Amino acid sequence: MKFSFKNDYSEGCHPRILESLLRYNTDQQAGYGEDEYSLKAKNIIKRKIDNKDADVYFVSGGTQANLIVISSVLKPYQCVISASIGHILNNETGAIEATGHKVLSIETEDGKVKPSDIQPVLDNHRNIPHQVMPKLVYISNSTELGTIYRKEELENLSEFCRENNMYLFMDGARLGHAITSEISDLSLKDIAKLTDIFYLGGTKNGALIGEAIIINNQSLQEDFAFNIKQKGALLAKGRLLGIQFLELMTDDLYFDLAKNANQQAMKIKKALSEKGISFLSDTFTNQIFPILNHQIIDILSEKFEFYVWKNVDENSSAVRLITSWNTSDEAVEDFIKIIDQNI
Amino acid sequence: MKFSFKNDYSEGCHPRILESLLRYNTDQQAGYGEDEYSLKAKNIIKRKIDNKDADVYFVSGGTQANLIVISSVLKPYQCVISASIGHILNNETGAIEATGHKVLSIETEDGKVKPSDIQPVLDNHRNIPHQVMPKLVYISNSTELGTIYRKEELENLSEFCRENNMYLFMDGARLGHAITSEISDLSLKDIAKLTDIFYLGGTKNGALIGEAIIINNQSLQEDFAFNIKQKGALLAKGRLLGIQFLELMTDDLYFDLAKNANQQAMKIKKALSEKGISFLSDTFTNQIFPILNHQIIDILSEKFEFYVWKNVDENSSAVRLITSWNTSDEAVEDFIKIIDQNI
Amino acid sequence: MKFSFKNDYSEGCHPRILESLLRYNTDQQAGYGEDEYSLKAKNIIKRKIDNKDADVYFVSGGTQANLIVISSVLKPYQCVISASIGHILNNETGAIEATGHKVLSIETEDGKVKPSDIQPVLDNHRNIPHQVMPKLVYISNSTELGTIYRKEELENLSEFCRENNMYLFMDGARLGHAITSEISDLSLKDIAKLTDIFYLGGTKNGALIGEAIIINNQSLQEDFAFNIKQKGALLAKGRLLGIQFLELMTDDLYFDLAKNANQQAMKIKKALSEKGISFLSDTFTNQIFPILNHQIIDILSEKFEFYVWKNVDENSSAVRLITSWNTSDEAVEDFIKIIDQNI
Amino acid sequence: MKFSFKNDYSEGCHPRILESLLRYNTDQQAGYGEDEYSLKAKNIIKRKIDNKDADVYFVSGGTQANLIVISSVLKPYQCVISASIGHILNNETGAIEATGHKVLSIETEDGKVKPSDIQPVLDNHRNIPHQVMPKLVYISNSTELGTIYRKEELENLSEFCRENNMYLFMDGARLGHAITSEISDLSLKDIAKLTDIFYLGGTKNGALIGEAIIINNQSLQEDFAFNIKQKGALLAKGRLLGIQFLELMTDDLYFDLAKNANQQAMKIKKALSEKGISFLSDTFTNQIFPILNHQIIDILSEKFEFYVWKNVDENSSAVRLITSWNTSDEAVEDFIKIIDQNI
């Protein structure tokens, strides 16, 4: 059995979550997110972001979170702007368009959206009423390329959105990894202040399922639960989500798990860097994209699974390695050993 | 703490499911339903319905299953017919309409749809192209009133749909309860033969989440997975659904759980009947609707939670009592004791 | 060639409209409704409703007007309430649902919606967030049964909507006929004051195409043009609509045409009444629904076209007769002659 | 009053159309496209494309035609491919996305789509079911840049689509101009053979409104009328469209009008070319894009209206000049005179 670096959702969940599910299993609870675990978990999250007026909702996965948020925020003729690498553009089978909204794509170097990238899009959408109206900026943190937003970058983007009467939405499927990155200067509180709406991803950070949508902008809070129900995302046994987030938020388990994933990736990155290997983008989270020659890729493929991400030249390709909350030291060491022996 | 007869999703899940989740927790598996547990569970289901050409998909909940199935089956101008009591008409926040399709409502006596109820709807929709085209019949088994379809009824309905070039879709959120009802003469195989598409509900029968959509009609199978993904219903950790259904299908746990729920309801029904209490509908599954006077309702409310369903007259109302896979003998006996002491 | 009483859109348009199209034909004008004729026509309409802050838009037809208005007013989880006889429920191929919104149907005696009909619907939609939220009341004036709203009725309905935080939308495909009915006590200004949004129908009252949507409620005005464009309803040669409404509004041609249609219908009604014929509903506009025995229907059918609307008993049916702006005295007299000779 | 070269829909319609509307004005006709003029016009079109099995429908405008065709052809998870300059991408306020479908954009040199442009898009959409499925190729002829498809190009594209199980749809808002271009080797019959569905635009070629959608592929014909009705595009007085196309198709008026527009543009092009002026793209239809210095642009702007299309360098910009069926020799000569005097 090969060890897989293909993604961060190959394993089940952190054992504490299963223990907690077992502990509370026979309690009778109200359905649809009104259970006491969900209520407690929501309160902890509100405390952690220092905003008691925020609204928190739990849903199952990232595509679901994205389509619910975006379709609830926009009017029919409004659209969302995303980096071309964005998950909503490439990996969600047109989920956003299926709710009626265009996604405008902008090219970026590193997966991060800058005001200077957005301005030309706004300039090209002034032919009222013949064009969609850009109203929401969608960003991921960490991005699909493993990069993260620095505090100043997010402040600039946030200010730009406000000035242009747009909302800012952060896809946080890997937000834990972004915040606990060794180079991060952004806290969860910062993010809550600088975005209108964002989510904390559980699925890719040790939960079975679950993303916590957090609505900071009160004008977007009204009737939000209707949207969740209408899109089929309101679990009857909401406890499943509540218990998981309660456990993840307790003792900062959520951040510890992300930190572990990051650290394992950084060990591999360091080993590769020392061998002079270059990377598609310089990342400090749980995704790395080393450029390897095809022989090395073949050798590594005998023991490990990973995606060959992008052809670079005749002899080499960038591969994507993703570590998870559960990636063991042993797997990392085995990988490094092969590197050491072959480069 | 009052015992709740409000619904069949108040508790967690059957302990065997949690044990199974724990047992397989650290295995690395492919995502998005390609894990080995999902594949095994699908095969068992295909064997049980005796149709190796069926397609099986797992999704999280009933509203999600309904909206995915209906929107994938219908062309934009086609619509679905449902009993007025149908879940898609009353309890899903317009989820079907949100995908662009009208739901035509027909009045029924007992929640069950008959060909003679549908014919007038077809007759009233002949003004082409000014009206929607009825193309799908949606039924629930057991129904929202706890009633079930007999074999002959389903055969007639199935034949009527075929003759009228319509599809038949069974919402099986409580299909286990229907099949294991003491008066049922319908098997799972019968249902697979007589419907074009149906689902086996897990959420209301001992799973944490999960409904198994089964597509019998091959013309409806093409590209179905795209619809699941687009609606945000494709779990990254599909194993969560696969492991649950694998466990439920093993040793017929699924049917045993449903049978237990039914039996507990039938005990209460029997006790009430012996006191001369009448019922809103004569049910043989895990939902009963006794008509009680308001004093009795008040007394029962001190120890139990349940919905007062419908006002019947000045002095009495029908209440809805739902038992679950986990409803204990003790809870049932306590309830009956109060009945005995007060009627 | 039989004379047709089937509808009020069998002929072309009033000759003054064609003359006007000819007169201005070679002028170069801005497209998309920015032509000078459209601007003038809008100003006249605003003067006639005594509301300079209203917004006016022209679109081609009724279904288009209905779907644009409703989809622009509602949020995804909100729905519209209509009389069961409403055009949006029966004659628009699910156009409203295709934009994502449920239409709740209420039974009415005469096609008119009363607060007491709506209240139970509101009462039955309190299970938040599991049900759609009623937010808009759709009425037609005149209704599909030819009946009209009296001032007091519209005041009550308007007040009820405001109290319940709902909008009121009047489909005015035959608003000219309603206002000029001999029993009407509602003026165009009243309607503008009492509704949030309504339209003045041209297609059924002497135009080639065209409905004038009038938005009185300023909170519904923002960005409305985007919705028109997005639904494919913004004509490049907006002048076609502008010139027609300019002509119709000049010298009150619009109201004269409607009055003529009404009068011709009333002549037939009077002739039938004098013969003791009864009617499905007592109407004072250009639609009448006399109940005739089948022999008479056969005799009339030799010379006239009309719809047999509804079977009443073994020997008789209600027929629908519609007169138009162009129905000649001769056609009416011929019809009455046959009545006189055969009843 | 300046003469406008801004577009080809500034004037009314060809006088023969108004005469024809007048001639038939008082006839009573069936509604919704069942009038005799529509039926005759459809038959003429079928003869002209030499395909009696084609289906023909008339709608009001281009955005409407595009959204109806695309939403009726695609399943929910399928998408359409368009040149980045395509009308559906830039000028229709997200009308296609509003029906639930993504539009994939491909860069082209001259507005024309080639198989080699599409192939990479197909290659990048193999991650089933996580991405939309490309199923329809949308092209315009003439394109938004005034260029046209040569027969060989359309044959290649048609074959490529068939091989890849995709449909080919031609937006023919300016199809008359394409076919009558002096360099065209494509006939209407060719187009009908090589596309699955296309439309003949009337609005930009002498009609008041109207595009004739022609469905060649019989698998796309079923129930098409429902889609037209549902999108609000079925005119009650369908005669308005039928009479116009009847007139346009008689004596090839349609093609004569387009030819005139082309010729007037070519006169201006020739005059500019003789002065050594270059063009953004080399066009042979009624749109030309000369690159002029800003002084000349200012001088021309005193007497003419046109769009400054694109900044080319510090001193010059490309402008867009569009001629119409009604552009007079006088206007063209005046324009050329200014060119002669100033360059």
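Order as written gives the chain letters A, B, C and D; numbering starts at 1 within each chain.
Simple rule for what comes next: contacts are C-beta pairs under 8 Å (C-beta built on N, C-alpha and C of every residue); 3 or more make two chains touch, one makes a residue touch a chain.
A quick note: this is a predicted structure, and the numbers were derived from the prediction, not measured.
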Task: Those chains which touch chain D and also touch chain C - done: A, B
TODO: Specify the chain most distant from chain C by Cα centroid.
DONE: A
Open item on the list: Need the CA-centroid distance for the pair chain A / chain C, whole Å please.
Closed with: 51
Open item on the list: Measuring centre to centre with CA averages, how many angstrom lie between chain A and chain B?
Closed with: 34
TODO: Can you check how far apart chain A and chain D are, centre to centre, with Cα atoms defining each centre and the answer in Å?
DONE: 43
TODO: For chain C, jot down the residues that touch at least 2 other chains.
DONE: 76-77, 92-94, 98-100, 129-130, 226, 229-230, 234
Task: Complex contact set, residues of chain D against chain B - done: 32, 71-72, 75-77, 99-100, 128-130, 133, 223, 225-230, 234
Open item on the list: With touch defined as at the start, can you tell me which chain C residues reach chain D in the complex?
Closed with: 1, 3-4, 7, 9-13, 15, 18, 21-22, 24-31, 60-68, 92-95, 98, 203-204, 208-209, 226, 229-237, 239-240, 326
Open item on the list: Touching residues of chain D toward chain A in the complex: what are they?
Closed with: 76-77, 79, 90-94, 97-103, 105, 127, 129-132
